[in-house]
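Take this structure first; my questions come after.
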Amino acid sequence: MIITLNSTANPSEVKRALIDHGLWVEELVGQGRVQFRVESHSAQVPIEVVQALPGVELVTVRASTHPRVDQQAKVVEVGAHKIGVGQPTAYFAGPCSVESEDHVRRLAAKLRGYGVKFLRGGAFKPRTSPYAFQGHGEPALKWMKKAAAENGMALVTELMGSEERDLVAEFADLIQIGSRNMHNYALLKHVAGAKKPIFLKRGMAATVEEWMGAGEYLLLHGAPAVVFCERGIRSFDPSTRNLLDLSAVAILAGLGQPVVVDPSHAAGRRDLVGPLARAAVAVGAHGVMIETHDAPGHALSDGPQAVLPEQLEQILKGLDALSAGSKA
Amino acid sequence: MIITLNSTANPSEVKRALIDHGLWVEELVGQGRVQFRVESHSAQVPIEVVQALPGVELVTVRASTHPRVDQQAKVVEVGAHKIGVGQPTAYFAGPCSVESEDHVRRLAAKLRGYGVKFLRGGAFKPRTSPYAFQGHGEPALKWMKKAAAENGMALVTELMGSEERDLVAEFADLIQIGSRNMHNYALLKHVAGAKKPIFLKRGMAATVEEWMGAGEYLLLHGAPAVVFCERGIRSFDPSTRNLLDLSAVAILAGLGQPVVVDPSHAAGRRDLVGPLARAAVAVGAHGVMIETHDAPGHALSDGPQAVLPEQLEQILKGLDALSAGSKA
Amino acid sequence: MIITLNSTANPSEVKRALIDHGLWVEELVGQGRVQFRVESHSAQVPIEVVQALPGVELVTVRASTHPRVDQQAKVVEVGAHKIGVGQPTAYFAGPCSVESEDHVRRLAAKLRGYGVKFLRGGAFKPRTSPYAFQGHGEPALKWMKKAAAENGMALVTELMGSEERDLVAEFADLIQIGSRNMHNYALLKHVAGAKKPIFLKRGMAATVEEWMGAGEYLLLHGAPAVVFCERGIRSFDPSTRNLLDLSAVAILAGLGQPVVVDPSHAAGRRDLVGPLARAAVAVGAHGVMIETHDAPGHALSDGPQAVLPEQLEQILKGLDALSAGSKA
Amino acid sequence: MIITLNSTANPSEVKRALIDHGLWVEELVGQGRVQFRVESHSAQVPIEVVQALPGVELVTVRASTHPRVDQQAKVVEVGAHKIGVGQPTAYFAGPCSVESEDHVRRLAAKLRGYGVKFLRGGAFKPRTSPYAFQGHGEPALKWMKKAAAENGMALVTELMGSEERDLVAEFADLIQIGSRNMHNYALLKHVAGAKKPIFLKRGMAATVEEWMGAGEYLLLHGAPAVVFCERGIRSFDPSTRNLLDLSAVAILAGLGQPVVVDPSHAAGRRDLVGPLARAAVAVGAHGVMIETHDAPGHALSDGPQAVLPEQLEQILKGLDALSAGSKA
């Protein structure tokens, strides 16, 4: 935001008023009218409010690069369930990779009992090594769909390439774009054509603006809605797998955008999943996604970060209490 | 952690058992016994537990670089107040820079009414520009001490150089080392000699291990206790002033270390202070520090991120409810 | 690397010998034999050398996650030209986006005169905003191919989605995978099937290991060769567009991998292109890629970072002199 | 930079002209005159040039936060030697920690033979662990001074606390402020009072602007000159100890600021010291600082990254040839 003062303004007074509104301002150097530059890490203040301050002549701002995202509905419907402002916290759970029909059906039945409404599981897996297990593909989709349907759950699963779109769209209620593909614009355009709501994970080095820009690709090319999912960004500290950025979640929630947190991938550490899930709900996330497995040692991927079903039950009970307390 | 198997072990079975405990393991290549390397972003598992697994011959680990920190008490006493495991959330509030005796006394009286037990304020300010206001120095210490004493509060204030130690130690109950000085080992050693508890902010690019190592300098050289304070680290995203790392808070709290969160400096955005304070309490922080000013436009530094006293009151009421809910 | 000593070893002596070889070592804590852990930022020393040191019983290392990359040829043939160890520095130049047949043909003729052997230009453009120009597509490929053929140049161009593979493979001599797609494993597998050498840009938050792992996907699935291209990674400093990492280039060149540097995208600043190109050649890069345009103000993308043809001529003359001097 | 157009301007034409000058511009949204914002990663263009473009009414810029640095001399005199624009590359070498009088005298004699004019060595060492060797202190200063004097060299050594100022200033020709103290403003002010030129290492998470701001503290408080030294910043990739940022060096050199590169601490890898030193010279650095030890295994700190004297000799011969070639 750039603020140009009129010729009779008292710059110090205007500056104080801007700071009172939570704006970091810097006076620019030059001839002519006094101009202030507002820094990007300022509180969000409507342009009309600034324009109306005594002494202000002109206010200009950067145009939004994601107008459709700015205007999307605050609540997303996924099958029979809803995610977003004013809705109960949406719980997503399930294994990283789906292993067998029997396995996912038994697990889903347990999860339903804990209040999980969204079954997550991988059929196509993005793996850093080409030699790692890449997912069971189509059969896994069928197994999951059956498990979800039996338990009244919506199904969320990731798609990695354009060629998988129609297949995944046939089974998934919410199509996940993983963090490694957030910048994959060809995929975003293509997937949007499936006309399904999208679960868009943040890229590991994406700014909030770039993340919303990826959402714009989806909405512009036909997706009905985007749910944003924070799963940790890259950092210099090896004590967690990624660095969970809850400020970004607070920003999106503050804008009314549907936003979910995945503490499992963020931390990579089972012992931090509970505390980070609590923080996510407290900061305003509309949902949490938690990897769950009844025998992590046998999981086909990411076993160390999966919690046991009984651990999940305790975590979700705590989240329920937290939500109740915070509304009291 | 490096795990060497015995000659009769079944490596796959041992690996599954390790994953069941939340450890990310990688088999190393070489002759002789099978060895597994455990990654740093694994859950914390006691060495005895791993040693006792069938098939395990030898377990070695990196020695702690901060043995005194590892063994410090889980509760720190600061004047009449306590911070740490099992204590009520400690609320720290006050202005970035102290402005006048009258001002800080009036503000402190209000803060006491909201349940704030720790008065914070700056007498010596680290500023990126040498031309910025550098603090009122000794008079500010006296003003704050008076305000704190009148209201039964403990005083926390920052010290920037060795030469200020005795002066600050005379007035402060808890001495703050700012993030820019976390790596200033000469200062750490010197300040420790004041025998006062230290409030140690995390360096803006410090790992959790380095932060705890700075704490070790303090305890080794005479400080009775260290309270850690997370205030955001450096990141590539300009949408917040710094990036609040609540995973680090969860790690420290999980180790029983006293840890506080400063959402004001982390976000730099007044509109995010409330949500991030909530997340801090939910993740397990033992306290929150919130910059507060009754006329931010007149603040001598960091006005845009300060909340008004009445905003603080609402935030703290919400934190009380959250704590109550989470214990229900 | 983990080093286990034998029962008669003198740990201090072994440690000194390891340091003499450039290894950062840490003694691990545990019962049984003494073990040293070697840090990842150590000099590369063959396992046999360490194994042969007096007192060493066992040496284990992490298995390479990219064995095919490790063994690929040190020189890549692209049409009539070569890139790699012992070859003259390969010069890549051309516009960010191709604009018209006439334009690219005139430009190519100039570039040939300066010693440029690789024509680069975009037909399909990855853009952060869905509203930005996305490239002229197939016609642009034809224009570029004609321009390259007329001037005896090889053509390098980027492909964004699997559906473009056959089209791009028909025209390009070297297929570029952009930084936003380095982690797009579905695309890597598919493109590899075109059996053309690949120009693989580093992801903006990818480690060197992950970058080589992406190369492994390509070689495993059929690509004959991979040329790595460093184009800057994400950083906290807004003074350049990205942060050029020449250490990574030194590492790859030291391993005999063909590696090229793109200073234009790294810096985003025309005034830094020359100095950074010089540094790239000095550190051991086998080529440099420089965006060039005769009227940057009319460029369809990235004009501000493009150099003029006459500026390119000066830069390349300087690189020739530098290469000559460094071999003198 | 903010550019306001006059009422008759053609915005598209002005934008093209700005891009032609290497500026990244964005049109701001608002009522009244058209305004362009120029991004920070643009080429440096004098304000007068922009002001003179047809259609431009007003140009404002951020005020420099380091006016004294902007105006300091382009060449710094240190004893009998000079560093800066137009001078031969300054070679700095010596051990990380000084060990004995005899040792440093023997080493210095060798280094002189290779063309090293600046002897570096540590008497006071900043160590991450309080249990690591902290330097020999005052005796080490005397040993180094003697060694430097015998060989006609200038002495560079680090100071960690205010209390060491007078002692270090008595012996050092150039006083080093280490990267961990770049933000230690109390120390900067105090050390400046010694009236000696300062060798200012970049903080591990400091922007170029903040680094220059630290230089401003020094010049404002009495230091006669500042030599900047890049030694790597923090990154997510563990393959080097730090990430050498040669773009920052190009920026400072382009501004005429004296700037030196320390590839030893940046990489931490002996095998990369030579290539990175070459890149430093090629990008425009006025000097390089290389840790050198005749028996790295016996070094009291940082042995793995030290090169042997005979390796240094080869590296410096290569740098001489590179400089000659690049001027040819």
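To keep things simple, chains are lettered A, B, C and D as they appear, and every chain counts its residues starting from 1.
Assume a contact is a pair of C-beta atoms (placed from the backbone, for glycine too) under 8 Å apart; a residue touches a chain by one contact, two chains touch by 3 or more.
Keep in mind that what you see is a predicted model, and the values were worked out from it rather than measured.
A.B. asks: Looking at the contacts, which chains touch chain A and chain D alike?
C.D. replies: Chains that touch both chain A and chain D, as defined above, are B, C.
A.B. asks: Looking at C-alpha means, what's the farthest chain from chain A?
C.D. replies: That would be chain D.
A.B. asks: In angstrom, rounded to a whole number, how far apart do the mean CA points of chain B and chain C lie?
C.D. replies: Going by mean C-alpha positions, chain B sits 40 Å from chain C.
A.B. asks: What is the distance in Å between the mean C-alpha positions of chain A and chain B?
C.D. replies: 27
A.B. asks: Need the CA-centroid distance for the pair chain A / chain C, whole Å please.
C.D. replies: 32
A.B. asks: Two or more other chains in contact with one residue: find those residues in chain B.
C.D. replies: Within chain B, the residues that touch at least two other chains are 205, 233-236, 238.
A.B. asks: How about chain B: which of its residues touch chain C in the complex?
C.D. replies: Against chain C, the touching part of chain B is residues 2, 4, 26-33, 35, 37, 47, 57-63, 234-236, 238.
A.B. asks: Inside the complex, what are the residues of chain C that reach chain D?
C.D. replies: 15-20, 22-25, 39-44, 205, 207-209, 233, 235-241, 243-248, 250-251, 253-254, 266-272, 275-276, 278-284, 295-299, 303-305, 318, 321-326, 328
A.B. asks: Show me the residue ranges of chain D that touch chain B in the complex, using the header's touch definition.
C.D. replies: Counting only chain D, the residues touching chain B are 65, 126-131, 160-164, 180-181, 183-187, 189-190, 204-205, 210, 213, 216-217, 220-221, 233-234.
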